Structure formats: structure tokens, C-alpha cells
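Two complexes follow with chain A in common, the first pairing it with chain B and the second with chain C.
Then we have the complex of A and B:
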């Protein structure tokens, strides 16, 4: 063991790292920051290390060419021992990393930790968030499957909407006007060299500033930040009532980071790797590509926006959003840190989180999108079929073959673009159904030109059977009366809109 | 030493069991196969046919294909032709790529083969002779009326089972009528040609005439939702 000590001394004599490392480890931090709320930053860094490690392993096998990428993923999934597990760790690691970075950011925002003197730490953190999202997107592209292919197409078409530089931007991104051989190598370079390099450098800067400026103290109501007095107050806090960073605060970081790694491994083992879904072949149109979860909310928002607002939203919203985050510490660099005294901050955070959650949830089942294979794949419930007359049964066939099912569900199966029709007859009369089918209305197109009269009639007869047992179908009272008391004669009919056919 | 041995053994066990973890991709199974490479009957039928013809060929809105009489009656070529090119005058669309659909030749063959192996039975017609698939001559509508009254009217004259409704007749072609008369809808409890009339099966002539009479009930402007004004 002597030689080990000697070697250590020899190296230390030359690099002289012992003192700064000791300094960093033993520097005092406020006692109340040794909290479970302060573990997300270190967890994000641990996940970054995991991503680097698993990423290197994947890069040993992965071939970034349009022809081979998908096949090498199959190779990893099926041939290489535990290749699938490495892919799954990397994929789940990326999900966890985005999530933990966002939680870390929310915590920092709530604790007012971006205020003086940590403004630049926050700004670098915002850049780190953008880089993390950039890693997530480029990583999704490298998993070169149908989702990746069309996601890339959507990314390119978003870039193309930037005024003036849109075209060159797409060229730069894709290595040409379309997704081709150069595209994947560009994204490989971005994902493996450019962004990770910048990410590691900025993480270094971020951590350096945390060490130099100290861990943000637990916010106390009525103890606002003042540029003139903060340093003295913080110094007092750490030296009078502080504990050394190691081991006082670090052990919680270590435990949480370990837990996160275990969670990633458990998710990887249970849910497995992401895809690859179908081959990235643009001739395969039977696909409904979706982004990974961190971009689902954008997918939902864009789906709900009217087309005329898409470009303004795409180009203006990110500028405002990122601009707000960057300006925040300079605009609110002083004052209260505690959430008890910052109602606006709390409302903003809760609103953003709820919106994000709602849009993400909506994007998981895309109620705005027709299910293009429902007409041929989703059956009319047998119970309904059994009680139909021949005409009504033909109406059910029309309902399927004319693809009504793609937007309207029956028995909980089918599209969600339009209302479910299980009880449609109890809310619309025969006349209203005919009118709706022929003329459309609301969001429904008019089908009058695509359906023969016999088809409309059979379809409406079928729809007329869709009401709960024991609850009659909606009916037109005037029609009932006419049937009961006889139709008024032509001369008595005062309403010019009533056609003679309808008054019988 | 003991600790490292134990750890090594645990690692070995872990890696050996790894490919049985729930997340491990199944060997030989492509996560999402190319749509044009699917030739599994169950998948093809489920994606393309079940919507109208029902799960497992029964209880659908359209004609039941899981009907041994129908499978015994129709020949491979006709079955394939109908899937590939559709059936004119009905809602059956063309599924073959040559006719604008999405299924290639191998998939059409897989569908025909699958229906045969899953749904046909050797004793489907128990020794009786089936009428020919297509009518050989033009039927006599007047004679068909008599067949209708003796064999069909019993059930089909009440409003809930009416088959002479011009709207219904406008949506089916003559071959569909012939098919449903011969093969019935066993899944809905509707009889085939053997037990429609009491005592004897319908003859080829009966069926041809009956179809001709039903066809003669079609009107020039079908599907009027409201009855003619008095």
C-alpha cells in the first residue's frame, strides 16, 4: 500500500487538486438546505452521466446512416446481449432527465433561487434545459423509425416557417431540402458531439457557480433579498448555523440519485426500449406518428390551433417563453424568495404545470384525430346487430363502409373526433339526423354529395335505433300530432317553409 | 473473496434471466412490421374485414363469412375476386392494390386461405346439393312471388324484418340476395336454403325466380325518407 500513497503524493504534487476539492467538499452550506427538496440538480447530473455512459455503449453499435440505422437498432434489440437493456436505459434515462431537469427548474423557481447573486446560474440553467430538450429531440431522430422520420419532417417544416432564413435553415438541418443521407449524420454529430460537448461545459459552469455562490438558503417569508446586504447575511447563515456540504447535505443527493438510477433500470426492465416502431419509409402511410412525451404538449397545442395561428404561435411563443425565463432573474432579482409572499409566481407555475399536463394527456389519445382504420377494424357491437331490421343492418354497413366510425364511436370504440353515437337517437329526431348527415355542421363535413338517398335513409334508420332501452327515440311532436289527427290540407298550411311532403 | 464471488454469481443470474424480463423485446418479432408484409389471417381480417363482417366472421352488420354453408358454396376464385375488386352495387369496397386498395396478392391469398381453413367444414351441407353460385338464367318474377309468399312472407312481412323495402333492395345486388337466400345468417338465427320453405329445400329455379321478384320490387328513386303524400 505504500507505493499507492507514494504515487498519490507524486501526482498530487503536480496537479494540486487536493486543496480545491477539499474546499468544495467541506464548504459550509445553510443547515436547512440539507433537504430532500435540494436533490434534483445532482440527480439531473447523475442522469447526464448515465446518458453519457449508455450513449457510448450504443455508439459502438449504432450506424448513423439512413439505410442502416433502423437495422442496427434491431441488432441491438435482438442480437447483442443486453443491447435492448442499454437502449431501454438510454431511452428511459432521457425521459427521466427531462423530467428531473423540469422539476429542478420548478423547485428553483419556487424557492426564488434565481435571485441575486445567482442570476447567471439560472440563465445557464435555462440554456441547459434547452440543450436537454435538444438532446431529447435529436435522440428521438436517431431512433430512426416512423415516429423519428415524421417528427423530423415536422421539425423541418416548423423551421421552414421562419421568415427569410427558413429555407437555408432547413438545408442546414437536413443537409439538403429533404430528409436524406446527410440528415442522419448531421443529427448524429449534434447528438453525440455538439450538444453533449456544450452540455458538459455548461454543466461545469453551472456547478462551479453553485459552489462559488453557495447553495440557496431555504426561503423564509419576510427575509427579502437585498443586493447590498445579501452576501453578509448569507455568510452569517452559513458560518454561524451551517454544516459542511460533505457529508451533511451530500448523502441525500447520493441516495436520491441512486434511487433515480434504480427507477430508470426498473422502467427499462419492465417497459423495455422505445421502439423502434415501423421502418422509416415514407411510402408507408398506415402510421400515426407521435413525438416522445416531452414534446406531446406541442403536438396537442398545434393540433388545436387554427391553421392561421400556427406560424405566429410557432415563431412567437418560444421567443416569449425563453425570453421570459432569461429575463426573469434580472427583472425580479431582489425581494421575497418565499412562495408564501409570491402569489403570482405560484399561480404562474401551477397554471403552466396544469396546462402542460392537460395537453400532454390529450396528446396521448388524440381526440382531434380520426382513427383511420376504425371503419374496417372496429365492429358494430353484436348486441346492436342482432336487433336490427334488414334496412337498419344495411345502415350499419353504410356507417362502417362510409367511414362514419372513424370519427364517431359506438360502444366506446371508434374515433373521438365527433360525438359518440351510442344514444344519438335520444337527442336527435329523424329529420335532424338526415339534415346533419346531408349538410354536416359543427365540425362535421357535409356528406350529401357522397351518399345516395337510399344510403342516407338506411344510415339514419340505423342511427334511429341507437337509444337506451326504456328511453324512446327523440321524435318531432308536430309529426306525432299529424299522424294522430291527420295532416292539414294544403290551403290551411300557413307556413311557407313546410314542404307538402313533410306535412303528410 | 466471498463477497465478490457472491456478487459475481448474482450478476450471472441477473444477466441470464435478463432476456426473460418483461421489457425484453420478443425474439423474431418485429415491433411494427411493414403493413404490406403482414400475412397473418387474424391480423388482416381484424384490420380490414371485421368492421363490417364482425369479429371472427360473425355478428357483423354485413354478411357473415364464418358460415360453413357459405364457405362450401363459394369457390376460391369468386371469394378472391370479391375481396380484390369489391362487389358492385353493394358497400363491399375493393381491397386489392390493383383496384386501389391496400392489400397485395399475398395478403389476398392469405385472407382466402385463412377463411377456408378457419371457417369451412366438410359436413357443412350434410350431403345435400348446393345450388350453383351464380344464377344460370333470368328468373321469372311472377313465379318468384309465389316462392316469396310460401317461403319468406311468414317472417319477412312484419315491419321489423321487411326485405321488400326499396331502400334495402337498393343497397344490395342480385348476387347478394342469392347469397343470403342460399347461405342464410346462422349467427342471427336466419335459415339457409334448406329450411326456408317447410318440407323441402329451395330449388335453383326457386331461388333464381325469387331473386328476380325481389329485384322487380326495386323502384326508380329509392330511399325517400318520407312516404308519398296522400
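Then we have the complex of A and C:
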């Protein structure tokens, strides 16, 4: 072993890294920070290394050409030995990385670790989050399939809404007039060179600041941060009740990081790689593009916003959101760190988390989208058409053939864009149904132009049968009274066959 | 371990004049680098902004093929190869559009992209609606907005009929910043052109 010691000395004489490394490893950290809550930052870094490694492996095969990228993904999936596994590791690694970065951020927020003197560490962390999301989006583009193609279209459409420079922005984003070869190569450059380069540099700065400023102490209620006294307090804490970073805290980081890598590998092995979905051929329009998991919430928000609010929201909300994160440590740089004394922070975090969860959940089944094949693919339940008169049956056929089912479900099957119609007759009278079918409104297209009066009659008669067995259909009270008592003032015909023409 | 650099610093004692000259030379060097950076930056910025062209700068007249493909009263899917393309674009060089033939000489050519966020809209001839699979936008047969999040109707291309073929003025992905049609054209020429020629 003597030669080993000699060689070490020979190298160390030249690189002189021993002292700084020792300093970094043995610097004292507050004892209670050697906690399982403090492992997410290092896990995010481990995942970044995994992404770099698997990314390089994929780059051995992948061709960033719009005409070939999809084929090379197929090659990786099906022909290159274990290519599918490397793709799966990269895909799942990306999911885990976004998740771990977000958890790390939530933990730092809850522990008040962004307060003095770690403001800049937080700001760099926010930039790292944005870059991580940037990697997730550009990575989704490199998986050049239908979702990537139309996802780029959505990106271009959003960019086009920027006032004045919208048009040039679209050209810059796409690298030309359309989504094509130039688009993929620029996203390749971003995903492989620009963002990772910046990401690694900023991670270096982030970790450097953690080493220099010390690990944030465990927040204690009643021990607020004061700029004048903090440094002395922290110094005292680390020296009176501190332990060396290695091995006191590092062993938990190591165990957790190893666990994360194994979890990625297990997910990759069991669930396999993401896509690619269909070929990125713009003439194949039978597709319902969807973003990856972490962008689903945006997809949901965009379908619920009223049209007039959309452009302001798209352009202003990100600025406010990111601005809030960047300003936070300067605005609340002092004071209590403990969540026991920061109810607003807890409420904000819980609200954001719940909203994110709800929107993501909604986007998994997209109730706002018409079910494009419900009209031709879903059957009308037999018990609904049972005992119907011929004209009512005709109405059921019209209901299917005019694609009503794409937006309205019956028997739990069909679109959810509009209300389910199982009980529609118990809440709308015949006249109201006619008006709704012909004029539309409340987010329903008007069908007056492409339904013949006889078709409207049949359709409304069919809808009139849709009410629970023991419950009568809704009816116009005045008309019922008029029918019963024969009011002489009634001049309007109640026959549905004539009404459509009048309304038209 | 000794730090050679630090030791050397103790040895040299320079004349203050020499030191100030060195600082001046360093500033000259920094200035030269700034100038070099500008010289390099200008073409780099020009290179990066290369894809930007003014509205319609990528457009040209493209044939969608024989008029016979488009029966009167129907709306059919057509596609064309974008005039601005590269060999490595693969299938992405193609673009789809919806052609509605109103009568013998009157057409409407709609972009495939929903006016909301650009997803591909699908035509349903039975209900005479275009529906978008992404966020549920719907349009009438004439392209007007019917419901959902879009704030306007479908984007429409200018067209003209020549040599028995339908031509459209296209080349760029239609978005709110570039609405496919450069000018709103109403007049129909007697020779059956949708006045696309006026724009050309």
C-alpha cells in the first residue's frame, strides 16, 4: 500500500485539493440538521448526475433531425440492446428530478431557509427550478412525437400572444415559419448544451453558498432571524451543538440518494420508457395532444380560463409567480423561521399544493374536451331506448349522429364538456330544450342551421324521455294550468314542430 | 504544503510607476476585449435573429391540387408541403388545412390550428362543427367561433383558383400574431378568383 500513499502524495503536491475538501467535509453543521428532511437537495444533484449520464448514453444513438428523430427513438426502444431501459431511466429520472426539486423547495420554504443570509441561495434555487422545468419541456420536445409536435404548436400559440413582438417570438421559438427541422435542432441545443451548462454552473454556485453560509439550522419557534445577530448565533450553535458534516449528516444524504436511484431504476424497469406516441406528421390529425405530467396543471388552467382573461393570464401570471419567488427572501428576510409561527406561509403552500393537485387530476381525464369518438363508438344504453316511440327513437339516432354525445354523456358514457343528459327532462321543459338546441348558448354551439325542424322535434322528444322513472318531466307551470283550465289568453302554439321556425 | 505563488508575491517589489503602467495596459487589454466582443456579438445576434421575417415573409402561393377533390358543399382535409422546408424536415414539412367549397368558385380554406392554442381541429360533417381535442374549442362550418376557449374563429388562408387548381397563400404556422390572412378580402372577381390575386 506504500505506493498508493506515495502516488496520493505526488498528486496532492500538484493539485493541492486536500485542504479545501477537508474544510468542506468537516465544517460543523447544527446537530439537528442531520435530519431526513435535509436530504432532498443532495438527491436532486444525484438525479442531475444520473440525467447527464443517461443523456450522454442516449446521444450516442439519437439523431436530432425532424425526419429521423422518431425513428431513432423506435430503434432505441426495440433494437438497441437495453436502449429502452436507458430511455426509461432518463424519462423517469426527469420525473423524479422535477418532483425532488419541488419537494426540496417546499422544505426550504417551510423551514424558512431562504431568510438572511441565504437569500441568494434561494434566488439561485429558483433559477435552478426554472431550468429544471426548462429541461423537462425541451426534453419532451426531443421525444419528437405527436405530443411534442402539437406541444410546440401550443408554445408558439402562447408566444404569439405577446404584444408587438409576438410574431418574431414565434419565428425565434420555431427557428423558422413552421415546426420543423430547425425547431428540433434548436431545442436539442437548448436541452443538451445551453440549459445543462447553466444548470451545472448554478448548481456549483448553489452548493458553494450552502458550504460558505452553513446548513440552515432547524427552525425553532421564538427564535427569529435578526440580521445583526444571526451570524454570531449561528456560529455559536454550530460550535456548541454542532457535528462535522461528514459523516454526521452525509450518511443520510448517501442513503437517500441511493434509494432514489434504485427507485428510478425500478420504475424504469417496470413501467418502461415514455412513448414515443404517434409519428410527428402534421397531416395525421386524429390525435389528442397532452403535455407531460408536470405541465398538466397548465393544460387544465388554460381550458378553464374565460377567453378574455387568457392572454393577460398567460403573460402576467408567470411574471407574478416567478417575481414572487424571487422577491420572497428580500421581503421576508428576517423574523420567524418556524412553521408554527408562520400560518400564512403554511396556508399559501397548502393552497398551491391542493390547486396543483386538483388541476393535475382534472387534466388526467380532460372533462373539458369533447370525446371525439363517443358519437360513433358509444352505444345508447338499451334501457334508455326501451319502449320509445318511433319519433323518440329517431331522436336518439339524431342525438348520436349529430355528435351530441361527444360533449354530453348518457349512462355515464360520453363527453363531459356539457352536462350529463340522463335527467335533462326533469330540469328543462320542452320549450327550453328546443331553445337550447337551436340557439345554443352557455358554451354550447347553436344547431339551428344544421337540424331540420323535424329533427329538432325528434331530438327534443327523445331528450324529453330522459328523466328518472318516478319523477315527471319538467313542464311549464302556466302552460299546464292553461291546459287544465282552458285559459282563453293562450294564443301561442305549444307544438314543438312549429317553434323552431319561429325562433329561427 | 507550500504555496509557491504566495511566496513569490513577497519577493517582487515594483516601482509604483511600473505598477500604474501595468494597470493602464490591463485596462487597454480589457477595452480591446470589449471591442472584440462587440465585433463578435453583432454577427452572433444577427445569426440568432435570422429566422425573423416580417408578416407574410415566408408566404407564397401553393397549389392544393385539382378542384375536383373538393365537392361543392363539403369540407375536406387537404395538405401541402410548406414552401419553406429542408430535406431533414421529414413529415413536418407538410401542413394540413380544411377546404370548404361553398359553390363552384367560392371557397374557404381554414388553418388546421385551433385559434386557441394551435391544436388540430377536426371536422364533423354531421353536426357541421369543427371540434378541437385539446381544450374543447368548437367552430361552425364557416369558421366562426361556436364555443369554448377560442376568442375568435378559425384562421383562414387567402386563395385563388388558377389552371383548375386551388391555390392558397401560406407558408407560416398561423397564430394570433400571424393570422394566415394578410388582408381581409371580400370582392369576388368575375373570373372566379377569391380575389387572392389582389393580395398577391
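Everything that follows uses one rule, which is that the second predicted complex is superposed on the first by the 450 of 504 C-alpha atoms of A that agree within 3 Å, B and C clash if a C-alpha of one lies under 4 Å from a C-alpha of the other, contacts with A are read in each partner's own complex, and residues count from 1 in each chain.
We take it that a contact is a pair of C-beta atoms (placed from the backbone, for glycine too) under 8 Å apart; a residue touches a chain by one contact, two chains touch by 3 or more.
All values derive from a computational prediction rather than experimental measurement.
A.B. asks: State whether A:401 touches chain B only (first), chain C only (second), both chains, or neither.
C.D. replies: In the superposed model, A:401 contacts both chain B and chain C.
A.B. asks: Can A:138 be said to touch chain B (first), chain C (second), both, or neither?
C.D. replies: neither
A.B. asks: Touching A:121 in the superposition: chain B (first), chain C (second), both, neither?
C.D. replies: In the superposition, A:121 touches no partner, neither chain B nor chain C.
A.B. asks: For A:368, is the partner it touches chain B (first), chain C (second), both, or none of the two (neither)?
C.D. replies: In the superposition, A:368 touches chain C alone.
A.B. asks: Examine A:180 and indicate which partner it touches, taking first as chain B and second as chain C; both and neither are also allowed.
C.D. replies: second
A.B. asks: For A:286, using the defined touch cut-off, is the partner it touches chain B, chain C, both, or neither? Pick first, second, both or neither.
C.D. replies: both
A.B. asks: Of the partners chain B and chain C, which touch A:302 in the superposed model: first, second, both, neither?
C.D. replies: second
A.B. asks: A:171 contacts which: chain B (first), chain C (second), both, neither?
C.D. replies: The second partner, chain C, only.
A.B. asks: Counting only touches as set out at the top, which of chain B and chain C does A:156 meet: first, second, both, neither?
C.D. replies: Touch partner of A:156: chain C, not chain B.
A.B. asks: Using the superposition described at the top, list the residues of chain A that contact chain B and also contact chain C.
C.D. replies: 279, 281, 286, 375, 401-402.
A.B. asks: State the interface residues of chain A toward chain C in the complex, per the touch definition above.
C.D. replies: For this pair, the touching residues of chain A are 12-13, 16, 18-19, 65-68, 70, 149-150, 153-154, 156-162, 166-172, 174-183, 279-283, 285-289, 299, 302-303, 305-308, 310, 368-370, 372, 375, 401-404, 406-407, 417, 440, 443-447, 449-450.
A.B. asks: List the residues on chain B that touch chain A in their complex, please.
C.D. replies: Touching chain A: residues 15, 18, 21-25, 27-28, 30-35, 46-52, 54-55, 58-62, 91-93, 102, 159-163, 165-168, 170-172, 188, 221-230 of chain B.
A.B. asks: How about chain C: which of its residues touch chain A in the complex?
C.D. replies: 1, 3, 48-49, 51-53, 55, 58, 77, 79, 82, 84-96, 112-113, 116-122, 124, 126-129, 131-136, 138, 140-141, 146-151, 171-173, 175-178
A.B. asks: Would you tell me which residues of chain A are touching chain B in their complex?
C.D. replies: Residues in contact with chain B: 74, 77-78, 81-82, 84-85, 88, 145-146, 268-273, 275-279, 281, 284, 286, 373-380, 382, 385-386, 388-391, 393-394, 396-402, 405, 430, 434, 452-458, 460-461, 487, 500-504.
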